[in-house]
Structure formats: C-alpha cells, structure tokens
Amino acid sequence: MSTHYQRTVRFAEVDGAGFVFFAKYLELCHEAYEASLLRSGIELRTFFGKNRILIPIMKVNAQYLGPLQSGDNVRIELAVTPAGDHGFAIAYRMLQLGAAGEKLVVLAKTEHMVIDIQTLERKPLPPALAAWVQAGGGVS
Amino acid sequence: MSTHYQRTVRFAEVDGAGFVFFAKYLELCHEAYEASLLRSGIELRTFFGKNRILIPIMKVNAQYLGPLQSGDNVRIELAVTPAGDHGFAIAYRMLQLGAAGEKLVVLAKTEHMVIDIQTLERKPLPPALAAWVQAGGGVS
Amino acid sequence: MSTHYQRTVRFAEVDGAGFVFFAKYLELCHEAYEASLLRSGIELRTFFGKNRILIPIMKVNAQYLGPLQSGDNVRIELAVTPAGDHGFAIAYRMLQLGAAGEKLVVLAKTEHMVIDIQTLERKPLPPALAAWVQAGGGVS
Amino acid sequence: MSTHYQRTVRFAEVDGAGFVFFAKYLELCHEAYEASLLRSGIELRTFFGKNRILIPIMKVNAQYLGPLQSGDNVRIELAVTPAGDHGFAIAYRMLQLGAAGEKLVVLAKTEHMVIDIQTLERKPLPPALAAWVQAGGGVS
C-alpha cells in the first residue's frame, strides 16, 4: 500500500523570488491525490462522467515551513480520512529529499465533497472511491 | 478600434532563471486574444456552446527577442487575418514598455480552425466571429 | 482608496470538470495582492532586491462557496491587517459579478512574513510596505 | 539510452473546452527536456549557476494533430541536435497511448542558445551539455 508520490520540482514552477510559488504547492498536492486515485484505478474525469458526480474541494489550508527551488526532489505523503457520508479529507506532508536527509516543507489539508453533476446536491461516495478512502488513500 | 492588450508580468509567471517561462508568453498571447474577442462581445466558452463549435489552435510559432521579468509592463498587439473559409490566424507583437521606450520581446503566430463540436469537421465561422476577423481583431 | 481588483476568468484557468481549479483561485488572490501593491508603487521583485528582503507566505486557507467558469467576471476585495512587527495578513473575498447581482464564491486568507534575503531572519516591514499595511491595502 | 518521457495528463491542465491548453503542451515538452537532462545529471538551475550561463529558448513551433484530455496517458519522444557552436534544437513527438495503440498528437521544436549569465553573449556549450547533445538527448 503506497500513499507516496515523488518528483522533481520543475523549472516553470517557481516565482519571482526563485522559490516554488505558494499556490503551486497545492497543485503538487492535487497531483499526488490524482496519482493515488490512479493507483486505485480511478481517473477523475472519466469517473465523474460515469458516476454523474463532481468532487469539488470545499476547503484548503496550508502551512509553509521551508522553501523549495526548481530541481529539488520532493515526496508527498497523503493520509485520507472519511468526512461524513458525502466527503473525505486529505492531509498532505511534503518533504524535501536531500543528501542530508528529509526536511518537512509543507503541511496541507483539503476537504472534498461528492455532489450530483446535475442537481449539485450531496451524494454518497461511489464504491470505488469509498474503498480508496477506506484504505486511507492507498491501494486496498 | 483597439487590438492592444496591456498588463504587468506577475510574480508567478517566471521560471528558475528569473525570466518569463517560454510557454507563458503564449498564454499571455491567448489572454490578449480572449480580451480582443470580449471587446467584440464574444466569450469563448459560451460562444462554443451556443454555436456548437470548437476553435482549436492548429499551429503556433514564436520567436523570443528579449527577456521579461516579473513587474515588467507589456503590451501585446494583435493582427487577425482570415485563413480559408474555416479559420483565421493571429500575429502577435509583444512589447516591453519602459521608461526608455518600447522594446519588442516576442513575435508569435497562432493558426485557428473552426470545427463542429460533435463531428469535429470544419465549419464556417459564425457571423460574429467572421466580423471580428474582418475587423482584424478590433471592434468593427 | 481602492482595494478591489476585477477581471474575467480565462480559458486556461479551469480544470477537467470545467470549473476554475482550486489552486488557481489562490493565484488570482495573489494577483489582486500584487495589483494592490503596484497601486502603492511597490513591485515585488524590485522591492525585494532594493530592501534585501523576501516576503514568503507562511499560511493560507480558503473556503470555496461556489464554482467559477471561464468567462465569468470576478471582483476580489482585499483587507490587509498587521500581524506582529514582521508580518501582515490579507483576507480576500472573491465575488462573481453577474446580471443577477454579486455572489460570494471564495473566502481566503494569506499570512505573510518579512525576512532577510540573506539570513532568512525576521525583519521589520520597510516603510512603504508598512504604509500600505496601515492603509489596509489601499493607497494611503 | 532513453529519450522518452511518459506521464498522465492532469486535471488542472485543460482549458474551457475540456482539452489540454495549447501552451500547456509546450510546458509538457519542457518537462520532458528537463527529465532528459536530469538523466544525464544536469539540473538546469544549479547547472546555470555553476557554469554562469543561461540557455534561453529562442524559437518554438508546434503543430497540433489531435486533442488530449485529462487522464490521457502520453509519451514524449525527444531528438536533440546541435545548432552551431552555441546552441541546440529539440524535436518533440507527443503520442497519446491508448488501448487501441499510439496516436501522434503534437509535433514541436524548440531552439536553445547558450549565453553568458552576465554579458548575455553567446558561449560554447559546457562539456556535460555538449555530451548530452552528442548523445541526442539520451544518456551517452
């Protein structure tokens, strides 16, 4: 069971100060979320179409503990937890991987809600998604 | 008739070398294209839905003549020309605006084709779009 | 005194569900922050260089109340408040502007800290920035 | 020797029509270029600093042959060729990988020039970069 995602920060992902732009960290977190779903066979776009749902993010928060530059190697760890019958939350830990060891650079959390694609009303999680949440974001 | 678009380069738009990332210039060009259409009352998403079309970009080329940094003020000039019965081309000149005058930093060109949203076959330009092309991208 | 920023959501800013990507809202908030600073004569990159500082974002949180699509017209309202001697916070309200009136779509907050560009230790706000905070993000 | 790069199109990479935004394809190409350099031990930012150079892109062109959606799996093939004593060119083929086989979706080309970070004058390629070009973008 893997809930980790790893990659190198790219040249286009920094800001005028030379560090990763604050909103880009959250895009990286979403990327780790998508990768985790894919490992469970869930691709968001087709999953939305098949189940007639959307899963908007309702809330996000993040705490920045250290800077990242392009070329830095990062690992993102996810922990997925249920949130009521219609949603789930993801806690992210982003670690910079270096010769001298790992360094925590970002803590973040997103809250997700399943809604009907037509009525926009809350819906229960489809079974494959519920299983993914049950497995904490790993492959069950 | 205005085919100009002006704004300041933002903090998030640079790369690891501190200059605007090469693909971002093309996003800026598209932004100027959208602004030009909006001045003629055309908003791409609703226009696509109403006319059951898409207008994919078929080709792009760009030449980079000078660097831009965040905080730089740029003006983008558009020249729109017809391309057959189903398309149009846009030539862009991007100028850096400074105390010492203007400096040409990018020349680019995009080629656009109107296709049916269902069949993906070529379609003639809807009248409002044809009028915009006729006016060279300005308001006729 | 203006702390408002307004623009149209662009074609490139949506996600696979057709709505503005959650991290993109925060980029929009930063854009409004930069525009507010510019109106007070502060351009981040040159300001950082001149004052030998950086102003990293330490925390962010956002609450999503309604979806936005490309072509939507939004206004972002900023309220800037001091946070100790070395920082400030910005509260953002993002409103969708439509024929039927305004609709609140996002509430967000960012926390900023002034640090030395070399030592990365906390520094007091340079006078121009302190004046901008004092004016609540408007032009004093 | 590998000059291939593969990944899944992400949820944030599409535009208002639901397809990958035209400029994003070029970001993907640059990503493949960075991955290729990394396999040869070259990370752009540190390489620039160590060799006191920049390698701006002087020209780009691309031809779009088919649409991509989020969730699509793509492979990008690079072919690197020398261009005079101070530059190189990269040709990209982007293929959509599906159950029914591969489909060519983008052909692109970027032209790169090595310049001095201070004087901005042309410089010969540093040995490691020259070796990478010699190997066609693969690991020699």
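Quick notes on this one:
Each chain gets a letter, A, B, C and D, in the order it is written, and its residues are counted from 1.
What we mean here is this: a residue touches a chain if its C-beta (ideal position, glycine included) is under 8 Å from a C-beta of that chain, and two chains touch if they have at least 3 such contacts.
Keep in mind that what you see is a predicted model, and the values were worked out from it rather than measured.
Relative to the C-alpha centre of subunit C, the farthest chain centre belongs to D. Looking at which of A-B and B-D shares more C-beta pairs in contact, the answer is the pair B-D. Residues touching across the subunit A and subunit D pair largely coincide in numbering: over half of the numbers involved belong to both copies. Averaged C-alpha coordinates put the centre of subunit B at 23 Å from the centre of subunit D. With each centre defined as the average position of its C-alpha atoms, the distance from subunit A to subunit D rounds to 26 Å. The distance from the centre of subunit A to the centre of subunit B, each centre being the mean of the chain's C-alpha atoms, comes to 33 Å. Of all residues in subunit D, those that touch two or more other chains are 11-12, 16-17, 21, 23-24, 27, 30, 44-45, 69-71.
Judged by the touch criterion defined above, the protein chains are all mutually in contact, each touching every other. By the touch rule above, subunit B contacts subunit A in their complex via residues 11-12, 14-18, 21, 23-24, 69-71.
The touching residues of subunit A, counted against subunit D in their complex, run 8, 10-12, 27, 30-31, 34, 38, 43-46, 69-71. Put simply, subunit C touches subunit A in their complex at residues 16-17, 19, 21-24, 26-27, 30, 44-45, 48, 54, 56-64, 67, 110.
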